[in-house]
Each structure stands twice: as structure tokens, then as C-alpha cells.
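Both of the next two complexes hold chain A, though its partner changes from chain B to chain C.
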Partner chain A sequence: MNNQRRATLKAGGGLGMLGLLAAAGLIKPELAEAAWNKGAFDAKTLDAAMSAMGAGKPMESADVQISAPDIAENGAVVPVGVVSNLPNTEQISIMIEKNPNMLAASFDIPAGTLPDVQTRVKMGQTSDVYAVVKADGKFYMAKKEIKVTLGGCGG
Partner chain B sequence: MSMNRREFLQLLAIASAGGMTLHSDIARAEAAAEKLYELPKFGNVSLLHMTDCHAQLLPIYFREPNVNLGVGDMLGRPPHVVGEGFLKAFGLKPGGAEAHAFTYLNFSEAARHYGKVGGFAHLSTLVKRMKASRPGALLLDGGDTWQGSGTALWTNAQDMVDASKLLGVDVMTLHWESTYGAERVKEIEEKDFAGKIDIVAQNVRTTDFEDPVFKPYVIKNINGIPVAIVGQAFPYTPIANPRWMTPNWSFGIQEQGMQEAVDAARAEGAQVVVVLSHNGMDVDLKLASRVTGIDAIFGGHTHDGMPAPTVVSNSGGKTLVTNAGSNGKFLGVMDFDVRGGKVMDFRYKLLPVFANMLPADKEMASYIDKVRAPFIEKLSEKLAVTEGMLYRRGNFNGSWDQLLVDALIAEKDAEIAFSPGFRWGTSLLPGDTITMEHLLDQTAITYPWTTVTEMSGETIKAVLEDVADNLFNPDPYYQQGGDMVRVGGLQYSCDPNAGMGKRIDNMMLQGKRIEPGKTYKVAGWAPVSEAAKDSGPAVWDVVANYLRTQKVISQRPLNLPTLKGMEGNPGVAV
Partner chain C sequence: MANPMRIRAAAKEGVTEVRVLMSHVMETGQRKDSSGALIPAHFITELTAKHNDKVVLSAQFGASVSTNPYLAFKFNGGAKGDKVTVSWVDNKGDSRSDEVQVS
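After this line comes the complex of A and B, so read on.
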């Protein structure tokens, strides 16, 4: 186990990653907000979110891979990762269809960066999770069902 | 008196020469044992496999299910065959010792004839025999070893930890072990097991940085051949059991992690790679079709005693998938012929452990006596006599669970009762006395609290639908491997082939339809949420009260749902 990493992050307290970076002077708070797509994050339906992102109806692609549990261990913090093997990936977004606001995260991928992101999302119920990737100006997607169950009653 | 088989045979010879009358049953048992346990050695790498013994140190009865439905691609495929269909699928003769071990057919009578099964002293004798005929053989334990009895619970798993060491377990993986809490598991791994038993689990990582919690695999040298054993703990431990007991551990199937572990083991020089799995059989079958480089998966969790492995093809070759039943009833023996750096051929046999055909190992027997001694009085309290057979296993209900929900309704003055769809729990024959020990065999868990909840009809349906989807989702990766929640008071119909939220219908309580908006008083036990800790007295105390009052337990009809769309399914026999 990497105890040093643990200790460093513990020392960072409850600031969170963006807070830490801002506190360290690495980014300016305005910068974090500049790219905020309010329309997409406020959208209440999948179609509305897609259209606010300019994605339209993206085609499914095997080059977009979602890594996530089949059944969530804790709906409050579900680990979801997306890897894009598409050349010139510019953006990766994660959408939870059954969430009140379905766009959970959107990552801008600067040129030369490995398009491989990991985050934690909150889910209130079983839902399809979409990964939407913008590459070379076009949109692609993959989806996966994540079950949120009541628990108990096993084996 | 304890003697080995050779001594026993010598004694028989002397006895018959001396004109003594032989008890024909003993002679028959010895002859049958001879046939059953004389397993010709094959190949050069042998692995012995036990799983899901659920802390049963003594011989017990265990009735296999007559309802084990397969849906989707699993329809009619092993393990989803029962009774006559099971015998046919595996080419077993009806009426023999094996037919009794593997199926529910004619259970009470056959059980009286063949006697009890399992028990660590008898299992130990069999393990020693197999290790003697197969030098270098390892004993693998698929988990669910530390939970399932009063003594395991009261000794905080110590009785089973020491029994496993004495039995000679080499490698194990986990499920119910985790319900003793993360600290206790790590303490046993680091202290008791150090240098003796390896715990392996590639799919357990920390929730924060996804650091491994256990070794993903170990490589053991067997007769000069490096053999990797990759561990797969029960993927849904923090969902099916209380997450607060292992709050910093994350599980899941982790298919990619499995592929990486297998590849790493091969790269390290392993010529044989096997997975010691607590996935459950359907999940193992799917995994075997998608991950390459595994020679065999030794499976457990779903308690399916499979006489032969299923051969699964994948893009890299073929993988054998076995499942070795439960409660110490079976020992799997896998012989590999490894030549030129790979497995060329195999022989597999799942041996039933008939206590009457295998003398007790002296050392193990005296250990068991010693570890049970402080608890004997409590364990042997006679609670009631049962007129019917009591068993648990089956997709929807068992007579033991019927008794538990009846007791909960009576003692808690509830309208409806729920009992979890556990697959462990031993069986009793008609006329047997129910002791506290037997009751604990059905209920001994670290979160045994009873609950009484006001639930709306809508919530009751949501609960039933949720559990039904864990059992009947056509994609095995979404199944949790338990059975359907047992229900008392409430009748319903179930269509296993329907989609999530559409399987349960016609919910009735005493002739009246359950109304979504109305509330009902529901009793239950084994709550998984931390908030429900200490919610009520332990279930064994509640049920013991009921049994003491009843004194005689009549054979009662099982409350079973009306099944839809299951006509002709070989996973059900009535």
C-alpha cells in the first residue's frame, strides 16, 4: 500500500482535488468554471443533454470502454471509468440516464493526454450509464447498465 | 475405536475366518467405500477442492434442491437440473450412493440408509488418503468456511481457523469470512495463517486507491511444475452482506483484473493456472467464456455439487468449470497431466464424504471434541421434535425457512415475514429432535437481529422484485447467487423470464390483494444496513422460544409462489 500517497492526501484535508490544485496555485478558480456547460449539466433528459453538448445522436463505438461495477456496492459513490481508443479524443462525458440531472461529469482532454478518466458518481436507482466521447469533432458513445439494489439475502 | 481401512479389512478377514457373524451393513458399506474411494491416480499435478463447508465440523444431513431454475442461456444446463434430470445429465444410476449424494430423490429413506455426510474428521481421512496417493497434491478451500455454526460464531471463527490448519488447507478465498469484519480477517491472515494458508483474492481492493487487499494469486511448485492459484472472493459481499463490516474494501467481478492476474501468473512461469472462485457457477461459466488462459475454475457459492466439470470454450482455448457443493459433503479431486509446459489431459471426480464409509481421523476428532466442549450444554438443548423433514435449499422456500417465517409471524405478531434466501443450513429427518445447534446451523451469523417494519405494499413488491432480479437476471454477472427471499403470510406469483420489475404479481394476504398504498407489519432478520444494528433480539432466540412452546413441529406445507412460464424447465421437480 502506498502510505505516503495516503498521508499526503490526508494532509490535504477536505479541500478536494480542484481545491488542492487551486490552493497550490496550479489553477485559477475561474479556469475551472470557464468551460462549464450549464445547459448540458442542467438538462433533464438524455436527448436534451446530448443536444446541449452538440452531440446529437452519437453512434455506439467499441473504441469507447466503460469500466464500472455491474452492481453498485454503494449507490452514493459508484466508480466509473472511461477509456477512449479513438484518435484525437477531445472530450469524455459520463451520463446517468435515470439521475435527475443526467450529465455527471465532462472531461476536456488536452492534446497529448491519455484519454483515460476515472470518477465517482451518485446513483439513486438502476440505470444505463453512457460514456460520450468527442473525437476529431465527432461524437461516439458506449453504454452499460449499473444495478443499484436493496442488498441482503445473498448466498 | 479408530482404525484405518487396511486394519478394518484385516479385522474383517479375521472375523470371518473365526466364524463371527458379520454385520451385513458394515460389510456392504466397506465394499461400497472401496468402490467409491479407490480413485486411480492420473497425471502429475493434483488439486483437492472443498468449498462452502459453512463451519460444519460434524457429519450432517444435507438435502439437495428440487427447485434450481435456469433462465436465459442457462435454461436446462447444469447446474440447473434437478432430480431425475440431474441423474440423466450426468449419467448416474438411480438408487445408488451417488444418486443420493447428488440429488434430493427419496431423501429421508436414502439418508437413513447411507447415513450422515461430511464432518471434518471424516473429510480429513479422505484428504489424507488422496494426498497419500497423489504426492504433492494441494488442498484448496473456496471459502464460507468460518460461518454457519454456533461454535464458529462464539469463537469468532477460531474453531474453523484451527480446523482448516489441521485439515491441511493450502490456499483459500473468501465470502462469509468477511462478516467477521476486515480487521479479524487480516488478523487471521497475518497471524494464524502466516506460512501455512494463503488467502488469495484478485478482486478485493481498497475503496480509495484500489490497492490490493490480498495476494491476487500464489504460485506453488507441484512435482516440479509451477501451478498458479488465482483467488476470486464473492464479488457481491458488500451488497449481499453488511458493507459496514468491510467499509474500506471493494469487490466486484473485475474481469479485466482476472485477465491481468492470469497473464501475470503465466508470465511468471506458471504452467497450470486455476482460479479458486466464490463467484457462483453461472458467473464462473460466463467468466470462463471471456477470460483466457485459465485451465480450471474451482467454484463454490451456489452450492452446486457437480459430478463432472463443464468444459467452456473461449478465444484462447478451453476452461473447466467445477462446483463442489456445500457443508463438507464433497471433496473435488482434479488430476492434471502436465507435459511440455501445459495441461494435456485431466481426470475429475467429486467424491461424496459419507461418514459411515470413512473412519474418523483421530487427531481431528479429538480437536473437534475439545473445541466443542465449552459449548456442548448450550448446543444440545432440545427445543422440539419435527414430524416432517427440515431442509433449506431450493429457489423459493424450504421447510426450515417455512418454520422460521412461521415463528417470526407468531412471535412478532406480524402479518408477513421475510427470511433471507441463504443456501447454507443442514437438514433434519422426520422424527429428529431439533436442538439449539440445529437452529444455529440455520441462523448463526454476525448480524442476526430481528426486525419489525411497517412496509407499504409498494415497498413489499419492490423488495421481491429486487431479489428476484438478483436470482433470475438473464445476465449471470448481475446475479448474486442466493435464493429468493422466503416469504411467510404473503402469496404471490413469479414469472422468472419477465424483466426487472415485472416478475412479481398477484400479491395476496389472507385472500385479499396487497394494496400498494397500504402499510403492512413485516417481520424479518439479518438486516444489512448499519442503522439496523441491534434492531431486535437475535433470530435464534426468537425462534427457540417458538419451538419450546410448540414442542412438536408438524409437517407444514411450503408457501411457494405460483410459477409462470416454467413448464418443462428441468430445474424444477415437484
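After this line comes the complex of A and C, so read on.
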């Protein structure tokens, strides 16, 4: 009789462990997604995107430079580079004012990495492109208009 | 599964420049297919680059980043033979990690 009781207890304990493992598995993906700033990436206006990033109204600064063409012949692939000359640059973000989702990319710059990033973005139409830089806890920005010519010969 | 990334890492005068070309559709969720149905969004959301075991860049992407995203950045240090690892995760939970030696 006693042996049977022990076997039952063991089986019950085993099930409990399985439940715990499943719960642990369910929690993990949520944690991973939390790092992505959904509010900022889903924002439909520049102000909303800025506030979701905690940027408020950043100051324009000549120390933030955008390198991008004045005219982009192909809106699907527009090269954009941002260089910050501000000390302690922590973050660089690229926003395109007239895109449905204006925040294109946000880079966290740890100490030892140069505040100099280049990427390529999509642009639906001619628009101002903003580079928002967080340095020493404050936000700065620069903007540049990029004209998009669709199906033209670059004229 | 996604195709491998093409990564180049070159050390010059104490600075290592890393260039990455990822292979990804980067679907915005705004486009429609031929029958008029919306194509669901599918894009890379997070990217991490490591030099040996130290994180040298972490990035968050939105749907406005181009198809087959390109990324270039520089970090101080790095020597020939060091390892640079780049990994990304997309909004459908796919992920990819590739590594290259600094040249």
C-alpha cells in the first residue's frame, strides 16, 4: 500500500515540474519583445515618436550631421548616414517625417563605439529626414530634406 | 530560414569598421498583393553586434529600413583575427547569427 502511495506522489510531482517548465517557456518571448520600443516605432506623428523615445523637443545642433543624397532616385533604397560630434553620444535614431511609420532605426552606442552609423531606408515620397542624437542624457537633432524622384532619370 | 548575412570587419589604425548586409524581406505591412489583401508586416526588429564578447552596437529597426538591410559602424580597438558576431531577431521570431574574423 505504502509503495503505491509513493508512486502516485512521484507522478504528481512530475506533472508539477512540467507545468513550471511550460510557464517558463511562455514568459521568455515576452521579455525579448519588451526591449523593442513599440510605442516609438508605431507612432504616426513626429511628436508622438519623439515623446515615445523620451526625446521631447530636441534642440537643433550643428554637431549632428546627416550624410545622404539631396535627390534619391530610388525611394526603396536611400543611403543615410549619421555622425555625431557631441561627447558621450549614447543613441542615434533616424526618422523620416512623411513615412507611415516615421522611426526607421535607433542605434544604441556603447562606450568605445564611434557615433558614426550608416544604413539604408525606404522613403515613400520627398520628405525631411531627422537624425536624433541622445548625448549626455540630452537630445539633439539635425534634419535634411531628401527629394525622391520615382521612375525618373535623376533630373 | 533566412540566408546568411554578409559581414566585413576591417581593422585600421586602431578602429574597426564593420559592414553588414542582411538578407531579409523587410515587409512594411502597408503593401497589398495582387488580390488587394494586405501583406503582413515582416521585418527585423532588433540587432546586436559583438566584438568577441563585448556588445559594440545594439539597434532597433522599424519597417522603414530597406529590404536586405545594410549597416555600417565603427568601434575602437579590434585586431586581426578577433571575432565579430552579428545577430538579429524579426517580428515573427525568426533569428539569425553570423560571425566573421576581423581582417
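One rule holds for everything that comes next: the second predicted complex is superposed on the first by the 114 of 155 C-alpha atoms of A that agree within 3 Å, B and C clash if a C-alpha of one lies under 4 Å from a C-alpha of the other, contacts with A are read in each partner's own complex, and residues count from 1 in each chain.
Please note the rule applied: a residue touches a chain if its C-beta (ideal position, glycine included) is under 8 Å from a C-beta of that chain, and two chains touch if they have at least 3 such contacts.
Being a predicted model, the structure only gives us computed values, none of them experimental.
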Task: Residues of chain A touched, compared between chain B and chain C (which is higher) - done: C
Task: Which superposed partner A:Asp70 touches (first chain B, second chain C, both, neither) - done: first
Open item on the list: I'd like to know which partner A:Ala48 touches here: chain B for first, chain C for second, both or neither.
Closed with: neither
Task: chain B versus chain C as contact partner of A:Lys147, first or second or both or neither - done: first
TODO: May I ask you to decide whether A:Ser106 touches chain B, chain C, both, or neither, giving the answer as first, second, both or neither?
DONE: second
- [ ] With the two complexes superposed on chain A, say which partner A:Thr126 touches: chain B (first), chain C (second), both, or neither.
- [x] first
TODO: Take the contacts of chain A with chain B and those with chain C, and give the residues found in both.
DONE: 77, 79
Task: chain A residues touching chain C - in the complex, by the definition given at the top - done: 29, 32-33, 35-37, 41, 76-79, 81, 96, 99-110, 112-114, 116-123
- [ ] Would you tell me which residues of chain C are touching chain A in their complex?
- [x] 15, 26, 28, 30, 45-46, 54-67, 69-77, 89, 93
Open item on the list: Quick check: in the complex, which residue numbers of chain A touch chain B?
Closed with: 1-2, 5-6, 67, 69-74, 77, 79, 126, 145, 147, 149-155
Task: chain A-touching residues of chain B, taken from the complex the two chains share - done: 144, 175-176, 206-209, 211, 234, 236, 238-241, 243, 250-253, 256, 280, 301-302, 420-424, 462-463, 466-467, 469-470, 475, 477-478, 480-482, 485, 500, 526-529
